[in-house]
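This report concerns only the one structure given below.
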Amino acid sequence: MKLGIVDTTFARYDMGGVAINTLKNASPHVRIVRYTVPGIKDLPVACKKLIEEEECDIVLAFGMPGPEPIDKQCAHEASQGLIFTQILTNKHIIECFVYEDEANTPKELISICEDRARKHAFNALRLATDRNALIKHAGKGLRQGKPDVGPLKG
Amino acid sequence: MKLGIVDTTFARYDMGGVAINTLKNASPHVRIVRYTVPGIKDLPVACKKLIEEEECDIVLAFGMPGPEPIDKQCAHEASQGLIFTQILTNKHIIECFVYEDEANTPKELISICEDRARKHAFNALRLATDRNALIKHAGKGLRQGKPDVGPLKG
Amino acid sequence: MKLGIVDTTFARYDMGGVAINTLKNASPHVRIVRYTVPGIKDLPVACKKLIEEEECDIVLAFGMPGPEPIDKQCAHEASQGLIFTQILTNKHIIECFVYEDEANTPKELISICEDRARKHAFNALRLATDRNALIKHAGKGLRQGKPDVGPLKG
Amino acid sequence: MKLGIVDTTFARYDMGGVAINTLKNASPHVRIVRYTVPGIKDLPVACKKLIEEEECDIVLAFGMPGPEPIDKQCAHEASQGLIFTQILTNKHIIECFVYEDEANTPKELISICEDRARKHAFNALRLATDRNALIKHAGKGLRQGKPDVGPLKG
Amino acid sequence: MKLGIVDTTFARYDMGGVAINTLKNASPHVRIVRYTVPGIKDLPVACKKLIEEEECDIVLAFGMPGPEPIDKQCAHEASQGLIFTQILTNKHIIECFVYEDEANTPKELISICEDRARKHAFNALRLATDRNALIKHAGKGLRQGKPDVGPLKG
């Protein structure tokens, strides 16, 4: 299994590094290719290149949009591109974006980055190895970056 | 006939399970493949994989967007991806999303989830078996998740 | 010439039926295929199937979005899908949507539905039979569902 | 060189006609194909048909969105479709839209229509004949429909 | 290595020229192709033509959206087209847009244009020559047009 990590120089935290550490600990033999691009809108083609030129089975795409409306629009365009790339390649790209205004302090933001990167690294491992791995968690209100909210209680 | 069920670990209710029960009761011999992914934006490629790698004739895609603007944007991007996937594959994907802010209480939300999942499971069965099945309901103001509103009375 | 009619069970008026009557009166020998789907986002793939599996030369797509923001977003996504389908197939799909909040009374809404469906049925007939048919109306301020506004008078 | 003109019956001014006159005066031997469709969302496939079925080298697409939010959304969807069509065909489509609320009087609106149509007709001629034609105008603050604003003066 | 430069006559500063000077100084033997189009929505197909007809390995796309909402929508559509083009071609297009309302004075705007064009020219050079070049800058909070903000300090 070969796993791609794509991240940006725009982001203010090294989520790609967190994911790589997580993956190496969890699955020492997984092959990892990393690719860093300037900004979030460069992610889709970078993912496509890792899938088609490096034969990655799955890719994790990290980005950290700034707090301005234009940043959110860029993230929206990037997400559309990531979805489109997945559809064309039949490979998952797990999008792991952290918005700079998700938290009130840098410390809290870092904690979101680490939790989200780590949990999505596990999600990528599971999806790439076993299509049935997540069925038992369906509808369970899992969250990445923050604690799970759990299923509805009616 | 082979029917795909795709749902998420993000959702807070097991709509995929509701649909599977509905389908098995209504049509005991239908073959069902289930695939659970982390979030709503992972649905399009999961549907595409079920259509192309598992040869599903139709897919039901379940998601439950949260109440924040970013959640709604994710749902929008997912919907665009689901439509795009259908166009590329010439197969229907019945989107069954329930928004967390559609209801005032968890109980009401669960009731929407169950009704919508069940009705769309029937829609999928009908569309996959007979292209003429729904003509008699054209313009009738049918709703899923809530009671039908019926046709306009002028 | 073969013409497709796609409409929904969500809509509250049978615009597909209006179009079929219009077409049969105007052009008794035209072949018509009808396909009814649950909602507006199911239209694009249904049109694509009529074009590719039923060899329709042109399709009319009817929908009636509800008054909520989410309904308008669904219509937007459907429109993008319809445009995309046309581009991929090189066939026209005449979109005929009536928004539930376009009128103040059901009676007025029905009148919009009938006028728009009838006029777009004629548009589809013209486009499918003669590429030059509408040139004489270019820039004339024609409207469907409401009276023409006419060209600018400077 | 073969140039396509696509316009609508929805528009309230004959910009296609203005462009045709401009082109015939400027380049008497250019071949022109005209195609009129009902509305702005019908433009993308019409352009694609002119490019692929009529072998046009470049197309001018004219539209006049109305003043309502839904009109602007339609224009947005049409623009996305025009860009997508260009990407698929590797041919330019010069979009020439005039918004009904760009001006305060019909007279002023007509003046915008004429200026924009004429200038974009020249742009199309230049792009289709010489890839280097516009380099000398790069960053010069040229405008169509209104006077040029010129380059920044710092 | 062959690098494309695409820019517009709409922009009010010659960012393409800045990039070309930067590239020639940094890498005298790089081959550069320049292509100027009328507006920002003409960029995607121009980039695609440089990639496919001129065999560029990477393209820089420059645009300067005006301050009105319609200008921002055009930029959004252009960005979607640029991402889509990259996905279809597996080549990077570095988008370098400067919004006219990013600065309070023309002088400040010119400074943004020059900094952003120059830094993205270097980004393009790096991406096109070595996939590993930017890894050491991942998550470092780099910015173009303005000073780097640096990584989060928790």
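A, B, C, D and E label the chains in the order they appear, each numbered from 1.
Keep in mind that, in the parts below, a contact is a pair of C-beta atoms (placed from the backbone, for glycine too) under 8 Å apart; a residue touches a chain by one contact, two chains touch by 3 or more.
Here the structure is a predicted model, which means the values were calculated and not measured.
The fewest steps needed to get from subunit A to subunit E, moving only between touching chains, is 1.
Centroids built from CA atoms put subunit E at 25 Å from subunit D. Here the CA centre of subunit A is 40 Å from the CA centre of subunit C.
In subunit B, the residues that touch at least two other chains are 80, 84.
Listed in ring order from subunit A, with subunit E immediately after it, the chains are A, E, D, C, B.
Contact residues of subunit D toward subunit C in the complex are 7-17, 34-38, 41-42, 44-46, 48-49, 52-53, 64, 70, 73-74, 77-78, 80-81, 84-85, 88, 105-107, 109-110, 113.
The touching residues of subunit E, counted against subunit A in their complex, run 76, 79-80, 82-84, 86-87, 90-95, 99, 120, 123, 127, 131-132, 134-135, 137-144, 149-154.
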